[in-house]
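You will see chain A twice below: alongside chain B first, and alongside chain C after that.
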Partner chain A sequence: MIFKMAVRNIFANKLRSSLIVSLSSFCAALLVFYIGMTEGSHRKMMKDAIESYSGYIRIQYKGFSDNPDYDHLIYDTSEIIDKIKDIRGIRNYTTRFETYALLSSENNSFPAMFVAVEPEKEEYFSDIKHSVEGKFLNKDENYAVLGADLAKKLDVTEGGKPAYISTGLDYSIAADFIKIRGLFKTGFYDFDSGAVFVSKEYADNIFMSKNVSSYINILPEDIGKYKELQAKIQERLRNFKNIEVLNWREIQKELVKAVQIDSIFGYITIAIFFTVVFFVIMLFNMVAIMTRSREIGVLRAIGTSKSVVFKTLTAEGFIFGLLSIIIGGSAGAFITYYFQENPIQIGEYGEAYKELGFSFTEIPATLTPGLFMISVSFIFLLNILSVIIPAWQVNKLNPVEAIRKI
Partner chain B sequence: MLKGSKLSMRVLSLIISIFLLCGSSFAADLKCSDPYSVIKKMDSLMRGLTSYSEMEMQVVTKRWKRTVKMKSWSEGSKKSFIIITYPRKDQGVTFLRVGYDMWQYVPRIERVIKIPPSMMLQSWMGSDFTNDDLVRESSVVNDYIQKFISENNGICRFELIPKENAPVVWGKIEFYVNIEKLMPERAVYYDENGLAVRDLSYEEIRKAGDRYYPYKWVLKPLEEDKKGRKTIITVNKIEFDKKLEKDIFSIKSLKRFSR
Partner chain C sequence: MFEKLAFKNIWRRKTRTVIIIVLISFSLTGLFFLQGLYDGMIENMIENAIKNDAGEIVVYEKDFRKTDNLKNSINDYKSKANDIRGIKHVEHVSSRITIAGVAATGRKNMGVKIIGISADNKGNVLFLDQEVVDKFLKNKRNIIIGAGLAEKLKVKSGNKVVLSAQSRKGKLVSGAFRVSDIVKTGDPLVDKQAVFADFSFINSLFEMDNTVTSIHVKVKSNTDLFLVTSEIEARFKGVFEVLPWQKRYPRIQLSKDSLIYYNAISYGVVFFVVALGVLDVILISVMERLKEFGILISIGTPYRKIASVIFLESLFTGVLGMIFGGSLGYLILIYFNKSGLDLGYFAEGMEKFGFNSVLYTDVRPEYLLYAFTAVISASLIAAVVPVIYIIRKKPLEMTRG
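Take a look at the complex of A and B:
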């Protein structure tokens, strides 16, 4: 009965109804798309940062993140690996040794991050191998791959032999020549313009870093279950008092914080927009309901209770909301899905992001059932709320007073 | 002729002695209440016109001790040259500083490398001293405003605040000078947030020719994570105002002296 009355009312004022449904549908589509794009870009940013170098789980000496010096290295790497290597859920692990070196060609000298890696395992933990033009590293030779921009600054090319000076673990001078085997371009400014990779076996001889590492990177079999794996590793290493096990959120603290701040500002902007939309829809409903004061007065005069009137008007909001999320939600989901499959290419704007340390050439959208449900539920709620105030207002009127209204 | 020359030598010695006496009496006249003059005089005595020294640097970390021996030549505050003589692994590594520029020669790669400005704050030879410390040694006189704080048993306590736009890394230096010997006793370095980050004490102050000199320098970083670290420089031999080899402060010397 109530539902029938609500449907009749909706069809009785087609213009108002179509305006409300159009506006709500547009908002539903916009919200689904906006949340999809925001989530998509943030996920891409995180995934890039994790998979291009930093990794999902890291074992390191306590305080290494703040002071990555030689006093905060792991000096018993093999002992730790022996403890954890049989833990179920670990797909692969690798060790890295990071330091700084002054690279010098015939003409120029530049400081660079000097990273010693296990060449055969590195492809599971970073994009470096796939970003190399030329060949990757050998296990024990003094081969190196350089960031393409660093090579340009040093004025060296593939096959070149720049020298480097650094500090060994005994604080003696570590210096040698490296043969450039390939140049890499990851899109990450810091790497491309300031990093050099060599094999760990080679570096161990020069830096005296055998069995020493800056950290051990762990690749989980199921990346979604990184927290469970982190807990297992922590438990296994509980006797190593100065060792900590971090997950990607703890490793990339700054990035996680930046993404959170970006999300907060984004949601504040969209909240302001939807507050305006909410008032517009409410105003529409207010006008529409108030113009029906006489009709509602008659209904009240012939004995219809306040509660039935309120329920009828709320049912209208319910129907509007339902229509909006069906039409708008589907449209938003379709657009989001389209941009998930065909990410937006940002072209030269990506260069600006690279300066900030992000590799961005495209922004994909992400559509997940959870986010879709949150978006459409919000629009649905907005529609219900926007009829509650006018319905409450009109119910306050005396039936006789209401009949007299035009 | 010979007599004349002997006479002129005596006259010259007398003049030098009078000059030195005047100099020391000038030093004795200095008071803590004149921090600029005290620090300037102390700085010039520490350096001399030229100097040659042989020293040993011991770096103590949580993990191990390391000893480096070196020879050093300097001319005023602008030029210095260092050659590492021990350990064998680093033997022959040379450093040249002229003004704010610094070069290094490593025999293993046979290359002279200029240290870029971005690496000036890196540790020097694994010690708690930085490249910047070697380059900017003169800044206590020129880059800071010296303020007298107190005097206790002949030790003046000064506060050195960086001049506006001065190219320095410290927020403040607390400087203690022995007014009688005109030598530093201690310097505490503060960062821009006012936290004490390192403590340099000058010990074993004794005569080195016509002046006093601290034969032992102990630098301790005060940051929590660097507890247990220290760098001790022991000066085994020091000579002032001797004539130095021609062209020693040149890039060519880096390779020549390395052999």
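Take a look at the complex of A and C:
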């Protein structure tokens, strides 16, 4: 009966009801879309950073992230690999050795990050191989692939032979010529304008880095279960006291914090908007309920309990909430799905942020049942809350007082 | 008399009026805070960029930025700098040498940008405290390095660093330097890459032959920026690439532009929602007093006067909300403008976007104007429907209630 009364009350004032439903449907659609866009852009940003180079799980010497120097390298790489390679859940693993070198061509010199990789495995851990124009690395020769912007500055092209000078692991001078096999363009400023990749086998001879690596990258079978895999690896390496196993959130600390702060600013903005909307919906409900004071007074006078009045009014909020979820939620889901399939192209905006280490040219939305439920539950709650105060207020009046009200 | 009547009317239903005033106040406070915060962040980035660049305009030899090759540096820079100095509205001019090189400590090598600055030229070191400059000037082998770079290299003040790069003549040259200070400029790229060294020493070490890689121009006022840029472009057509900060830092300019749309949308949304709220309250209030209005019209009160009472009621509600919200919002802005909002926990993330971890809000009188326009327009527009409602009713019908 309560539900029936609530439905009748809603239809008794069609204009007010449709305004409330429109407003909260609009909010539901906006919230579903906003959360979808925010999460989508953040996920893309993180995924790009992880899959383009840094990886999901990394084994490294303790403190390497803060002190990436020769004192913090893994000097027993093969022993560690032997320990972990049969762990279930590891799809692949690779070792890298990173240092800095000064590259010189006939016309110019530039510092660059010098990365030694296992060529046959690198494609599982970075975009470098797929971004190369020309050929990728060979296992043992002094071939190199260079960032396209770096090559431009050095004034070298494919087939060119720049020299480099750096420091070997024994702190002697490590220098040689490299033959450029290809140039890559990843979209990441740090790489395109400042990185050179060579094969690890070749670098091991020059830098005396056999069995030495900066870190070991692990690719999980199921990327969603990276934490479980990280724990398994940690357990297997518990006797290696100076070794730590990090997951992508720990590797990309800076980016994780950047995403958090971006979310915080976004949610503050949306919270202000929703508080304003909440007040308006509450006002609508208040006005609608208070204008029915006389009617409610009569109900009370003939014996209807306060709780039935309260439940009836709350049921109205429930119905409004439900309608908003159905109308607004589906509209929001539809729009979000559209932008998930057709990401927003941001062109020059993304281009401008490349130098800060972000690489995005499009922002996709993401629609997941979890995010959808969070958004619509919030709107539903907002509708219920917005009738509670007016319902409580009208219940405070004694029946005689209420009947006398206009 | 009508003003008094309208003002008294809005207090007939105190709860509703209070809610609508709270609604307007809250939305304005929120809008002020966000607008001031975002504007402050952008202004801070612009200020940092100008300080770090020793001016609003940087002038390069045409091909230098494409190649980063020292052979494309500016010859006879002193006379060119003097020429620019002579342009009206130029406050000061300085020159820099920027070379891509490697910084090495006993344990680590890093790619860096070696920047030769004349610290005795005030305009060149706007981003440095006098104390830092004095220390730096004590020895020509002193260097100042960015905080991010110092962190990576694990060096402190007093430590030695070897800088290597190719000289202008193509030789590989190295020199030992001592870190006199570590600075945080607010620009992540400068903090992670920059090594500031003595201009004359860099000039001779890297065989620059009295050439520089860039000339930096500070204008007297921001309004002169366009004029000065055009004048330099005209004087050195085809020779120089002249970049005001907007072109040098497109991401800042884009953020600034985006903020205009963001603010417009925010005000638009709040305007719409506030209008709906006021409309609801005023319409119901008019409906409740239909009998009173009917009597007033029957005894000869013109519709014009009735309409003005309704408009005034709506206006007073908006103005009260505006007074409370405007004052609170403005006070919050002033507070955060003085003491800053410390987001130290997110420092790494903030720096990634190029922001300082302590944010200072901007306080601009025009915020009040925008808010005033939005709220007053919303209130007046919201009163239109109730007025039409009254006009459409017949006095007799109204008197019956």
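The rule is simple: the second predicted complex is superposed on the first by the 406 of 406 C-alpha atoms of A that agree within 3 Å, B and C clash if a C-alpha of one lies under 4 Å from a C-alpha of the other, contacts with A are read in each partner's own complex, and residues count from 1 in each chain.
By our rule, a residue touches a chain if its C-beta (ideal position, glycine included) is under 8 Å from a C-beta of that chain, and two chains touch if they have at least 3 such contacts.
Not measured: the values here are computed from a predicted model.
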{"item": "Partners on chain A (chain B, chain C) - clash or fit", "value": "clash"}
{"item": "Broader residue contact with chain A after superposition on the shared chain, chain B or chain C", "value": "C"}
{"item": "Touching partner for A:D176 - first (chain B), second (chain C), both, neither", "value": "first"}
{"item": "Which superposed partner A:T275 touches (first chain B, second chain C, both, neither)", "value": "second"}
{"item": "First (chain B), second (chain C), both or neither touched by A:F110", "value": "both"}
{"item": "First (chain B), second (chain C), both or neither touched by A:G63", "value": "first"}
{"item": "Which of chain B and chain C A:N239 touches, first, second, both or neither", "value": "neither"}
{"item": "Which of chain B and chain C A:T167 touches, first, second, both or neither", "value": "both"}
{"item": "Clash-bearing segment of chain B relative to chain C, given 5-13, 23-31, 77-85 or 113-121", "value": "113-121"}
{"item": "Common ground on chain A, meaning residues reached by chain C in one complex and by chain B in the other", "value": "66-67, 70-71, 100, 102, 104, 109-111, 165, 167, 171"}
{"item": "Residue numbers on chain A that touch chain B, as the complex places them", "value": "63, 66-67, 70-72, 75, 100, 102, 104, 109-111, 163, 165, 167, 170-173, 175-177"}
{"item": "Touch list for chain A against partner chain C, complex", "value": "16, 19, 23, 66-71, 99-102, 104, 106-113, 152-153, 155, 165-167, 171, 194, 253-262, 264, 268-269, 272-273, 275-277, 279-280, 282-284, 286-287, 290-291, 348-349, 351-353, 355-357, 393, 406"}
{"item": "Touching residues on chain B, where the partner in the complex is chain A", "value": "59, 61-64, 66, 87, 89-90, 93, 104, 106, 108-109, 111, 113-116, 118-119, 122-123, 125-127, 225-226, 229"}
{"item": "Contact set on chain C toward chain A in their complex", "value": "13, 15-16, 19-20, 22-23, 26-27, 30-31, 34, 66-71, 100-102, 104, 106-112, 151-152, 154, 164-166, 170, 172, 188-189, 250-251, 254, 258, 266, 269-270, 273-274, 276-277, 280-281, 284, 287-288, 343, 346-354"}
